[in-house]
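I've put the structures underneath this note.
Heads up, the next two complexes both have chain A, just with different partners, chain B and then chain C.
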Partner chain A sequence: MRTLRLLTVGGVIAYRALFNWTTPAMFVGTLLVSPVFQLLFFVYLGRTLHVGDDLGYLVGNAVLSAALACVYGGTMAVANERRYGTLGPLLLSPLRRAAVFGGRALPYAVNGVLISAFTLTVGALLLRIPIGVRSLPGLALAICVGALSCSFFGLTLGSIGLRFRDVWLVSNVADAVLLLVSGVNVAPAALPPVLRAAGALLPLRHAATAAREAAGGAPLARLVPPLGAELGLAAGYALLAIGLLALFERGSRRHATLDVL
Partner chain B sequence: MNPVRMLLLGTLLQVKQQSRSPLEITISLLVPLVQATLAVYLFKAGTNPPALLLAAVGAGMMGVWSSVLFGSGAAIQNQRFQGTLEILMITPMRPAFKILPITLATGLVGLYSVVATLLWGVLLLGVPPSFAAPLWFVVAAPVCVLALGAFGLLLASTFVLLRNANAIVNPLGYPVWLLSGMLVPVTALPGWTGPIAAVLPTTWGARALRAAVTGGPVWPALALCVGEALIALVLGAIALHFVDRRARVTATLALT
Partner chain C sequence: MAGELAIEAVGLRRTYRTRTGWLRPRRGSVDAVRGVDFAVARGELFGLLGPNGAGKTTTIKMLNTLLTPTGGTARVMGLDVVRDTRAVRRRIGYVFGGDRGLYERLSALDNLRYFAELYGVPAREQRARIGALLDAVDLTGREHERVEGYSRGMRQRLHIARGLLHEPDVLFLDEPSIGVDPVAARELRAMIAELSASGTTVLLTTHYMAEAEELCDRIAVIAAGRLAALGTADELKHAAAGRRVLSVEAYGVTDAHLAHLDALSGVRDATVEVSGQQQTLRIQTDAHVDVQPAVLRELAGVRLGRVETRAPTLEDAYVAIVNSTRAEAAA
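Our next item is the complex of A and B:
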């Protein structure tokens, strides 16, 4: 019960305290408007170059839009503790780190789902792209799994904030790399093997594949392999985040560098 | 102090300062490289794609705009955080001469993007360096960058009035990339976007660089880019003058 409370209530409190983009202006401007413009940019680029189709870009970029909240949010969830001077008291508490930090990823995953749904809806309305009602369950599933996976990936990046000062540098690069290798805007087959492999190990590639299949009318059963792979990545990043947090916490205690900015 | 000397020294100082920030360097170098890679592979995947060099040049221009946008948005805010805003503003010089070096520097730091994406494209992605007018490109690129830096003064003076400037800055990247034709030709967009694109110096800057790559007259677009940037510079200077006076009267200069 206590662990569940830490995961949920603790996660929400941390979200409200540490996420810099919760003011209405920042939330709307950065998290809602920006992904819609990103979607429009790639739809028009795809049309100009005759690459892919509008539906593929719409659905793929809607899934990708969760990255903004999840990557930067996950980073803020850890790095801002140090910035606001609360990291010391937090790490002094005898609470289980897995529950404390694991719960922090959840609000960002919910945020990511909301942003993806908004981008998909507004994009479909602006571009007049019909989405079948039968595609919606599969799309919703893909969006949820993608946001969860990306959220744990963000937490992994955030854990680096316990060790390195310029964690925003990491999240900026990660966001750009996801744009390139997630297969949303450039087909994986068109990328060199190294980038293709990187895309398979980073979040959102499999979720975007599942979302596109769902939008194309595929039954839920066909979404199981890509969504299973994405869930596997989510679990992997969750474990990696907890492991890195424990490692860097020990290191920062040993070298007395916890509050070094 | 001589205003020209102050502009030159101030710009040099700001370029040095911004070039030492890992975050600035990342945004100016690494992110445009990723965007150039994306653009080149997208162009390669397309049927009947335009010249691949346009992808590298377009990604570079996108980097310049990002640098100017984020740099100008934070130009005054950063001075506040560093505690140097009051010292800067009491200098006996017009406000525009104090802030313009910062925004010009953001443009010049953005020039890294153009150089980096070109080198990246040519050396690693197999983009043929086939400029229709290479000399015009060498002239047009720095002129565009400086023009965008001057345009940044108007952005900086506008953003200083807004409490949540970042809320405006963050979503302004993609629409300007799209409307200016940095990768997508303006003709591919709905007709109603034309007048909006026409008032952006980024549109004419991108058009001038495209002309230097694919052929066609460079100077008309370049002249329009510089002309619009000068108008923005005058408007920015007037706006900054009023912002400065208001902040002094209400004693809110250092307030975030």
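Our next item is the complex of A and C:
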């Protein structure tokens, strides 16, 4: 019960404490308006170059729109402890780190889902692209799984931020790399092998594939392989984040490497 | 005896490894704490004094599990700080001075709610305990305001409430009154005294001698990473026994003046404290020697204010202890 509270209540309070973009202007401008324009950009680019189809770009970019909130949010969820000097009191918690930090990814995942849903809805309305009602359950599933894996990826970057001051540089690059390798706007087949492999190991490619299949009318059973792969990535990043946090905490006790005060 | 102890440090040591430069890194080591022994009884209010960089905070970080000692052992409430880390954390609270350490965008109430979750306070007890603590630190009525708008005194009181959320047996207070105005500092002292009276063991570090003398049952002085003295305030004053202090207000005393004063016959120690334009010379001498004429001769040409001779205080004893330890370390 205590762990559940820490995961849920603690996660939500930590979100309010550490997420920089909670003011209405920042939230709307950065997390809602900006992804819609990114979506419009790629749909019109696809139309201009006569590549892809509107529905594919619409759905893919809607899934990708969660990246901003989830990657930066996950990073803020841990790295901002340094900014506030709260790392010391936090590390003095006697509770398990998986519970302390695991819950922090969840509000960002919910945030990502809401942003993706908003981007998809507004994009579909503005571009007058119909989405079949029967596609919605699969689309919702793909959006949820994508946002979750992206949040745990952000949490992994945040863990690195405990040790390395300039983690925001890594987050900026990660966001740009996701745009390139997620398969949403550039077909994986068109990428060099290294970037193609990176795309398979980074979040969102599998979720975007599932979302496109769902939008194309595929039954839920066909979404299982890509969503399973995305869930596997989510679990992998969650474990990596907790492992890095444990590693850095242990290293800090031995070598005083973290700014605990 | 061990069962009666809240804190026990034996040969506690911490060496930091340093590295400068990237292409040709130069590695070194700094001995921050060099084998410290002391014990604090349950319910005692114990002071840890020392100049900046003496090893006070490093000692506290080893006792509260944030740092692993590189030598010696430490136990808190009978639990080893290295092996029983989580159990120790359940029994201790840690409060440090300054503006940081709180979530600025959250209200005081939400800060306390979050730390209550982090420190494992049962959900059904949280509301009552947070309410009682807000009352105790006089923040009731302001608990819904964001911490970013709080004064330093309010933040410090909130820090203390945070440290007490899980009702720790031992509370580490690391310079809690730093930067706090005199009225707030007095309230803080009253709060610390109440805590101690209620049975909580308190380990307090401070730079303010009056605070240590008023509050602490016993005081340890750390200098250059070593325990230089340990006893009650009165016992520590014996370090300056057989001395008296010539205090001189001055404007324009140089290092050369200070060196000449230090070399005068009968002078045990000469220090200068600067406050704005004003300097206060404190010259400790053997009690039977009158150095005032010689001192005034050395300061010829320097604008002087009040000159007085007095008995040594705890601060004078502290200065004597620290300086003699530094001299020994340098020798």
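One rule holds for everything that comes next: the second predicted complex is superposed on the first by the 259 of 261 C-alpha atoms of A that agree within 3 Å, B and C clash if a C-alpha of one lies under 4 Å from a C-alpha of the other, contacts with A are read in each partner's own complex, and residues count from 1 in each chain.
Basically, a contact is a pair of C-beta atoms (placed from the backbone, for glycine too) under 8 Å apart; a residue touches a chain by one contact, two chains touch by 3 or more.
Note that this is a predicted model, so its numbers are computed, not measured.
**Q** Of the partners chain B and chain C, which touch A:85 in the superposed model: first, second, both, neither?
**A** A:85 contacts chain C only, not chain B.
**Q** Using the touch definition from the top, say if A:49 reaches chain B (first), chain C (second), both or neither.
**A** first
**Q** Between chain B and chain C, whom does A:254 touch in the aligned arrangement: first, second, both, or neither?
**A** second
**Q** Scan A:5 for contacts with chain B and chain C and give back first, second, both or neither.
**A** second
**Q** Touching A:246 in the superposition: chain B (first), chain C (second), both, neither?
**A** Neither chain B nor chain C is touched by A:246.
**Q** Can A:166 be said to touch chain B (first), chain C (second), both, or neither?
**A** In the superposition, A:166 touches chain B alone.
**Q** With the two structures laid over each other on chain A, which partner does A:110 touch: chain B (first), chain C (second), both, or neither?
**A** In the superposition, A:110 contacts neither chain B nor chain C.
**Q** Thinking of the overlay built on chain A, is A:186 touched by chain B (first), by chain C (second), by both, or by neither?
**A** first
**Q** With the touch criterion stated at the top, can you tell me which chain A residues are shared between the chain B interface and the chain C interface?
**A** none
**Q** If we count contacts the way the header does, which residues on chain A are in touch with chain B in the complex?
**A** Residues of chain A touching chain B: 23, 25-26, 28-30, 33-34, 37-38, 40-41, 44-51, 166, 168-169, 172-173, 176-177, 179-180, 185-187, 190-191, 195.
**Q** Please give the residue numbers of chain A that touch chain C in the complex, ascending.
**A** 1-2, 5-6, 9-10, 13-14, 16-18, 22, 84-86, 88-95, 100, 252-256, 260-261
**Q** Which of the residues in chain B end up touching chain A in this complex?
**A** 22-23, 26-27, 30-31, 34-35, 37-38, 41-49, 163-164, 166-168, 170-171, 173-175, 177-178, 183-185, 188-189
**Q** Can you list the chain C residues touching chain A in their complex?
**A** 16-17, 57, 61, 64-68, 86-87, 89-90, 92, 94, 96, 98, 100-106, 110, 113-115, 117-120, 122-123, 162
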